[in-house]
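So that you can tell them apart, the chains are marked A, B, C, D and E in the order they are listed, and the count of residues begins at 1 in each.
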Amino acid sequence: MFFLQMLINGIVVGSIYGLVALGFVLIYRASGALNLANGEFVLFGPYVCLVIMTALNVPFLVAFIGTLLFSAFLGLVVERLVIRQLQNAPTISVIMATLGLSSLLAGAVHIIWGHTTRTFPPVFPQTPLNIGGIIITPVYLWSFIIVMILLVIFSIFFKYSKIGLAMRAVADDRQAALSMGMSVKFVLAMTWMIASMVAAIGGILLGNINGVSPTMSAIGLTVLPVVILGGLDSVMGAIIGGFLIGIIQNLAGGYLDPLVGGGLKDVVPFIVVLLILMLKPHGLFGSRGIERV
Amino acid sequence: MGPILEIENVSLHFGGVKALDQVSFHINEGEIFSLIGPNGAGKTSMLNCISGLYHPTSGSIRYKGKDITNMKPYERTTLGIARAFQNIALFAHMSVLDNIKLGRHTLMKSGVFSGGIYVGKASKEEIEHREKVEEVIEFLELQDIRHKPVGTLPYGLQKRVEVGRALALNPELILLDEPMAGMNGAEKERMSQFILDMHEVMKITVVLIEHDLGVVMSLSNHIAVLDFGKRIGFGTPKEVRENPDVIKAYIGEETVI
Amino acid sequence: MRNLFVRECGNYKTSYKDDMKLFGTKSEIVKWLFLFIILLTLPLYVSNYWVGLLTLCAISAIGAIGLNILTGFTGQISIGVGAFLGVGGYTTAILTTTYGLSFWVSLPLAGIVTALVGGLFGIPSLRLKGLYLAIATLAAQVIITFIISRWDSVTGGTAGMVLSRPSIGSYSFMSNASYYYLSIIILILTVIYSVNLLRTRVGRAFLAVRDRDIAAQIMGINLFYYKVLAFIISSFFVGIAGALLAHYTMIVSPELYNIHVSIQYLAMVLIGGLGSILGSILGAIFITLLPVGLTSIVDLLTAYMPNLYQLFSAFKEFVFGLAIILFLIFEPGGLAHIWHNIKNYFRVWPFSY
Amino acid sequence: GGDSANPSTSNDGSSSNSSDSGGKRTVVVGGLYDITGGTGDVGTPYAEGEKAYFEYLEMKGGVEGLDLKLIGKDYAYQIPEAQKIYQELRDKEKAVAILGWGTGDTEALRQQVATDQLPFISASYSENLKNINESPYNFLTAASYSDQGRAILKWIVENHEGDDAPTLALLYNDTAFGRSPIEDIKEYAKEVGVEVVDEQVIDVQATEAQSQLLNMEKKNPDYAIIQQTWGATSTILRDAKTLGIDTQFIGLNWAAGEGIIDIAGADVAEGYIGILSHAFPYEDMPGMAEIKEYLDAKGKTVDDINQKFVQGWVAAKIMVEAIKIAAEKYPEGDLTGPQIREGLESIQNLDLGGLAANVSFAPDNHAGTEMTRLGIVKNGKWEPITDYFSYKD
Amino acid sequence: MLRVSNLEAVYQKMILALRGISLNVKEGQIVALLGSNGAGKSTTLKAISGLLAAEDGHITDGTIEFQGEIINNISPDQLVKKGIFLCMEGRRIFKDLTVEENLYAGAYTRKDRSSIKSDIEKIYEYFPKLKMLEHRKAGYLSGGEQQMLAIGRGLMAKPKLLLLDEPSLGIAPLLVKEIFENIKKINEEEGLTILVVEQNANIALSIAHYGYIIENGRVVMKGEASALLEDKNISEHYLGTGKDIKEGRSNRRRQRIVW
């Protein structure tokens, strides 16, 4: 029972990880960069949603859609003003810029909303579900469902849509992609918009669990092992990686913590990732970089 | 002179693809040896096996009688095997000079301590090897562009720098993968002459991959022909030219050479 | 995986070449001597406060040079510098406080121990590249700080350890100025060493590994050896910086070495200029002093609008991010590049319009 | 410039430590705040409380013969930044005393502070800081975390129902702050016969703590002491409720306060017990009169502040009290750190009007008090369940 | 159809690569652009297709006119939509995409999505080798296979004007012939206009209608392909002396052909 509860906990927590990790994967696929501001994108979503809900007094669903629109806009602005300017810069500069962005966005959140933790008016039912002795909070169940839906959508998107193909082409060789008539600008703008929306969804779910405060952005770093474990460029990997890390964390917390005096939950993902990478240098599902001479 | 390199039943598989299939041939010391064949025949793969970037699935490679099949690439370099790549693999933002100097890596000694202190051993060595590098530069007529970052040079010159870098190793065996691709007739002639000089003046054994049959036929002492990973011909230019399999797969009936 | 350091097109850096010219001509020697004298006499004309800040800059510069050797020259991004600083700091803390060793012995030992730990965490570079390797170093960050905070018996756990300033005989480096001299001299030695190293054989091999590892192999470069070597050399300097910092602040504690520190160092080398020693120094100065400058601005503003203090604090964060972004957009080559441009401008000076 | 309680005189450049500006002696107190960092939620009201007290003083005409300023800066809970800002306060602003914040940075600075001879009052009540030899310039203005834990143990022993010895779990995070009281609590528990059956490490930024709580549940402790901040505490309480754990949770002072109710929700927080080291604005304490006076002047009400504001206010007040004493004793020349330390050390039973337990210091005692009190969340509101008491009583 | 006049281009604001190139491509023609290494051929093609900016290059003077419209400042993706497609030098296939996906990428701007599938089959007919490698990641292909893919990708775009930069690079002789025959065929059957840069002057001129020779960023000679083919200077420079290399060596040192 204990094991099962840990397992289930891992899966439900992991679904949030997967969701946030997805944002990383999207950006990586289109630009080869790690978006270190992902945590701050996560942050914006719930704040905006909260503002819309309380200020305009609209139901959650409306606010949710409004938030998605806002997030898309935010992604677009970021791409226009920052990422596009670095089109010809090395990828590491882009990564650094996202780091600057994280500080900038965090500052913005602080300026606009201050530091106090806010709480979401209950959107999901609060009473935990008890399924055969296993206890699950409805919010987690919802995030699990949403993650599954997004997994399907994005898998189809990358496999069959033109933009999906263009994203990968742009990440591969930007100049060549241009010569195919792909608008690198458009592709990047799309990617940032989508990634920002995905982050917002993650943020709203997270906000429903723990309230909304600037410290939420820490999830950005927390899920790095998830993305790496799954493979930086794999949608599937992000989500399975999310589940795996969630489960490993909980099992380690459950079984190993008592042995070492606790605190393993935040270390174990990194140890596991390090070990797995030694066997699979590109994560579980990441594609191997091609090097031919 | 005896064989410097012996390839014996070398196979190389990538999943289902047989890039090389039981290929055997040998290369004599001091000769110019060409490897030809249609696209995707396995020529580059063969060079990769010789220089150690790929390890054959089966078979063996002997260099001067020594089995090097499972040696690391950097170890082979110290044995005197140098290589220029088909797709240019230069260090784009380093100068021509530094690129070629890099070729002398194994011949130099300075390390973490002497290099950091510089004065004395390391500086002496730098100057000494600079002279060698200048010899290569002169030989390949790269004087004018010595300090230019390689990335800004036109394709043809980059190819030449690539050859220079390999030469700087003081090799006994040099592997050239399509060094004349992207050159016009006159330029090819010049490159051919560099190769002949390497061979005659520097006494280097040359392995050449090239699609221009005119060049191949007039330069080579021996030729091996690959098709779909198999060796379909081996011998002197004359023998190869008359080999019906080779004509069918590669040369074409009506091509006049 | 794509090479993270290469632009999509053929831009190039000239810093390596310029390194070669160091001490080239007489006038250059005079110039460097001049700079040296300025550095040494600085405490005479700036306030104690600035001496303190400059000491921090110098120490960070040593660490940043270390990181640049790894990230800028060998192309291996590290997000673990914070923890390696910690290894250096704790080594000297344990050696001097617990075992009573002299600072002068423990300082190089701190470098060596960190180098070994760095080398250990460099082993994954055998198989990992780019961002995957970067995350492996992040793992180093997390694991090392975890060990430090758990190994109570040796490290004092989360409470940390207390150190003292070094001394020679009865003279103690207690004053800001004396510690400044100590740091600046070690920085100068670091610069001389790394500039030399990078313009000789090992340095070229590093660059080769960064740009085209396959071709590098064919040049006879043992990839694994040089990758781990880069980790070792880099960590040595980071360890030295960590030890210097520890004796400067006289305390080590796990919270001092968190990921923010790692990220700050990464910012230093990027803002300064990847693959540039000068850049590392400029970057260290920039990242160390930017918050100070921003704080002063905030102070100025709050003098007039005291009620908005909170807002201005957040504003500081905002502007810090903005500064980094603007920097990258307008000068992707880093501070080192700006420096070169200025130098070139003056070189041709009266003739430049 | 700088954040000043005295705008009228702050324009003259703060670096002058001149003993007369209008015949007054300038005394600069430095502040280290966390506004934008990980503990900004409580750090902000605390900093505001400190600033408010200085403003209040100014409003009331200041301190006789002194030009008192508080110059505080945000260090975002990053120790390296705290070290830089401390230097700035010391060297540039010429501060002679410091109001600090976190455990990590306070401990990191204590030796430096001792060398520089700057009295330091921190919002960290770490027992380590009591040690006069190691931290001769640090002062604690409320019961140390360890004393708070001991007080809880005393309360448990006295109130425990049932025949078996009470069992206890400890929930904390892996920081200097989190671990600070743990060993002391365990030791004291042994003394008073409470069995510590479990310990769990829960990260300050944890978004869930189910595995830890399930582990804890296996040991089924009667009580669990929480040494965390608001965020992690709320997470613990919420997950405990989800999992149906019936342990009585008791938080140390930073794990108590209005935030818990706001974040976790009133129904989750209901019944939660915490250390109330300071008064809530809505408590009718004599000491609140000053605060209300200040708020009125600013056009605000008690609803605009919270307990952490009161806490900051009290810390500032104690510091100013010491400065006053020092100024009286040394009427000539610049006030120095050691003089202010003397001032602090001569504070005896300073009446804080119920805002906090009265404090006393002495040359051999920098722990202002051991007294603290407990409260419980009832109907969405904190209510004291004890008066200030010491575990030694 | 395409008229380039007096084009000047620089890289990195300092390297002058084109010094006033003028050329004309008529609808339905194949035009060959020849010249030695570094002459500026690739730069010309990049300028036409708007791809200079990506290498920090700029057009500093002159105009490019396509179907009567000045296209100097139009972004490359727009140009592809207008019907200009460049097969870049050095193959530049997408390494991480499969062969098939690369071909789809070529057809990115096409509106007639339904016929794409059958066009891909047609490419496989031209290059049967590619069919075998259909689902392989393109990065693993051999040099020549990549070159085939690059050309195939260009054909998939169905442009009005196809710019080919050294299509024969690294291709075995038999196939070179085949490729050029195919190019000729496509030109004749579908009326595709082609501007081809080629080192193999012989074969390029044999299918071209018109030819330009550029050196040092300038056009140094132009004319009907057949006339150029017969020019002695050209054949010597671009086709080699024809003599046995070993014999011609004594007088080769430091000899440079100066135009």
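To be clear about the criterion, contacts are C-beta pairs under 8 Å (C-beta built on N, C-alpha and C of every residue); 3 or more make two chains touch, one makes a residue touch a chain.
A quick note: this is a predicted structure, and the numbers were derived from the prediction, not measured.
Q: Farthest from chain A in C-alpha centre terms, which chain would that be?
A: B
Q: Farthest chain from chain E, going by mean C-alpha coordinates, please.
A: Comparing chain centres, D lies farthest from chain E.
Q: Could you quickly compare A-C and C-D and let me know which has more C-beta contacts?
A: A-C
Q: Taking each chain's centre as the mean position of its Cα atoms, how many Å separate chain B from chain E?
A: It comes to 28 Å between the two C-alpha centres.
Q: Averaging only over C-alpha atoms, locate the centres of chain D and chain E and give their separation in whole Å.
A: 74
Q: Taking each chain's centre as the mean of its CA atoms, how far is chain B from chain D in angstrom?
A: 73
Q: Give, as an integer number of Å, the spacing between the C-alpha centres of chain E and chain A.
A: 43
Q: Find every residue in chain E that makes contact with two or more other chains and list them.
A: 11-12, 54-56, 140
Q: So which stretches of chain D touch two or more other chains?
A: As it turns out, chain D has residues touching two or more other chains at 35-36, 44, 174.
Q: Send over the residues of chain A in touch with two or more other chains.
A: 88, 106-107, 110, 114-115, 171-175, 261, 263, 266, 291-293
Q: Mind pulling up the chain A residues that touch chain D in the complex?
A: 2, 5-6, 9, 13, 16, 106-107, 110, 114-119, 128, 135, 137, 206, 209-211, 213-215, 218-219, 249-254, 257-258, 261-263, 265-266
Q: Please output the residues of chain A touching chain E within their complex, sorted ascending.
A: Contacts found on chain A: 88, 162, 165-166, 168-169, 171-184, 186, 287, 290-292.
Q: Quick one: which bits of chain D touch chain C in the complex? Just the residue numbers, please.
A: Spelled out, the residues of chain D in touch with chain C are 1-4, 7, 10-11, 33, 35-36, 44, 48, 51, 71-74, 76, 78-81, 83-85, 87-88, 90-92, 104, 107-112, 115, 128, 134, 174-176, 178-180.
Q: What part of chain E is in contact with chain B in the complex they form?
A: Checking each residue of chain E against chain B gives 11-12, 15, 34, 36-39, 42, 89-90, 129, 136, 140-145, 147-148, 166, 169-177, 199-201, 236-241, 244-246, 248-249, 252, 254, 257.
Q: So in the complex, the part of chain B that touches chain C is made up of which residues?
A: Its residues touching chain C are 51-53, 72-74, 77-78, 82-83, 85, 89-95, 98, 101-103, 105-106, 108-112, 115-118, 122, 125-126, 147, 149, 151-152, 165, 169.
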